[in-house]
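We just call them A, B, C and D in the order they show up, numbering each chain from 1.
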């Protein structure tokens, strides 16, 4: 079994991106899964190409993309990626698309295919704050989740995929001011649990994780 | 020009639902638009049927569904409805579906077709807090937004549609404790502005309203 | 019975201060109470002098100072003012004192002497979000609450006094972005209720309004 | 140089209190400081007596009391303790005092005498989220801060004292749902930094840490 895990490079003036920081600390082998990693550029134009090249090369069974969600307090498994690029700030190419599609004529959205509720349950059991999220925003994180699931539609490597949004790490909040954070060791441990659970089960569990609004 | 505006009945033990409260206070005619209203039951099983019957009867040009988003501080124009029923609490029929589709074999999501960014700009210009939201949750609000846009796919009344999530009204927070609220008069005024803007323009404006996560 | 109610002028680049906006809309007579108002400058150096002059002139039975607490969602009756000037931003004189006392050799703090819990109960009963707060911050609002209660120690007008922190008004949030707000009409109504309750009772009620942290 | 550090036992139905958890993991000697620890009961009636007995026995130079502030995201150095017992929930004796003084005829408040801003600066430099707080609430944490500084008024051990409010630990949020947390290792590291800084300097630094409201 092979997993591909991706992080992003820093953006928006930050010196660090906890996603690539955490991904770089992953073990190469987790519960029998060979773990491959790649850093994606925070770029609408380039990130999906780098992701596709890594998938072509690794031919993974599971792909987990990881990105920073500043302000959130939990490990958030994203349910869905939507066909929108709508940037609040410039990406690392200096581009700021407004209401463009990720894929022209693509469907409005794709669901992640990892067992997100089973992951949330396992994370909590391990003492880690976790939740299902219903929006990955409209910046490059959402772009890459949508792109990932679009690639999955017809890729010869019949992988399942998903996206994890993570909080700031403490050193960022020490600079930026009041916001939740999570120790990078806990984020790493969380990613490893997600990979284990995703490798074990293809069908998700049925638990109450919906949101009223 | 005809508009149909819907609110929901109270749910989750609340005595009031600010959406139906506000909708009941709308003028019958706003800037040349004939305004029809209907209250939807907070029911996965029944709400879409009531909505469709009202659309069949009114044959509106514009449909705006309104629902309560307890905890939000702004008038939120929803961008997208997703093909999921995932209830955190029981609906008014006592049902709590978990990870069911709204429409079997339906697409993963539909985008709203009202000019949401133009509405947000006009609301702010009128002194009302407003935002674009990228998730309507997974309860009956999202269910009805998805259903609305699904009905729109092939309905003879070629309407455009969207969903407005509104904060609590002050009297709710006086009972429930700390959370943002908005005066019902301001919510009513906001709905009227949305109808006016939606009647005036079919193409949205390009403004920075995206979210990073 | 005479009440003196004060608001502040705008500060920190804001065009409006909801406290003076609301205070300017008060009726001159509320339930038999003659209501006098004055606007205080958002100035550590000048505000207490203006307040004292108004108290000398009006000789009130009750003094309620009102100030903006951007980010709060409720009408907050402050419990205590502390003997600290510790400015996050410059005041309207361009001064930014750090860890200075309001009154040299003054006590560490003074409690407000209005019946704050009875006010909260009455506000909620009237459908207005309300709470007891245990910190008025360390900017000019806290400065004036401390100064007010210091004046009360030996002033011939044996007034009781307190401080009300209010949310943004909607038009501010329309400009500033996501934060709770309250309609100015509701703030005005809240102030009137506080004056009525404060005139009626000198001893507070015993209700659960404490905070764990 | 001797330091006394206290934590509280669990309360309010929690299985763990991160304050005693962190305090139990402190090294016995930190940068030349002998570290003594004691667990206080979350009891208005008993906590101050246990604290005083420990001070009598240890005769510390520095006392740091630590308590949980569920919902906060930073290590919060408290500026002031107020002469109020106003319980939102029952303490571990089943008592819920409303608007009682900590010390009859005591002053309204006492300031902490540790160099709180120097501690915040050092914590941030070490990559830990930190802030000055102006309210310790009105439950047993505030009670013990006020009691500590009251004991300091005339105790033969001329100690300086303060209070640290800490976030939940991740395992609590995994059970309780969305709230910020901090790894216990980071809390421990934070306490050690606070002890070092407090031992080094008796006069605080002048930095911008005030709050507007």
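One rule holds in what follows: contacts are C-beta pairs under 8 Å (C-beta built on N, C-alpha and C of every residue); 3 or more make two chains touch, one makes a residue touch a chain.
Note that the coordinates shown come from a computational prediction; the quantities given were computed from them, not determined experimentally.
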| item | value |
| --- | --- |
| Each chain counted as touching chain A and chain B at once | none |
| Chain located farthest away, centre of chain D as origin (C-alpha) | B |
| Chain centre separation in whole Å, for chain D relative to chain A (CA means) | 37 |
| Geometric centre distance via CA averages, chain D-chain B, whole Å | 46 |
| Shared-contact residues (touching 2 or more other chains) in chain A | none |
| Chain B-touching residues of chain A, taken from the complex the two chains share | 12, 67-72, 79-80, 82, 84, 86-89, 96, 98-99, 107-111, 117, 134-139, 141, 165, 204, 206-213 |
| Chain C residues within the chain B interface of the complex | 73-74, 123-131, 170-171, 173-175, 178-183, 185-186 |
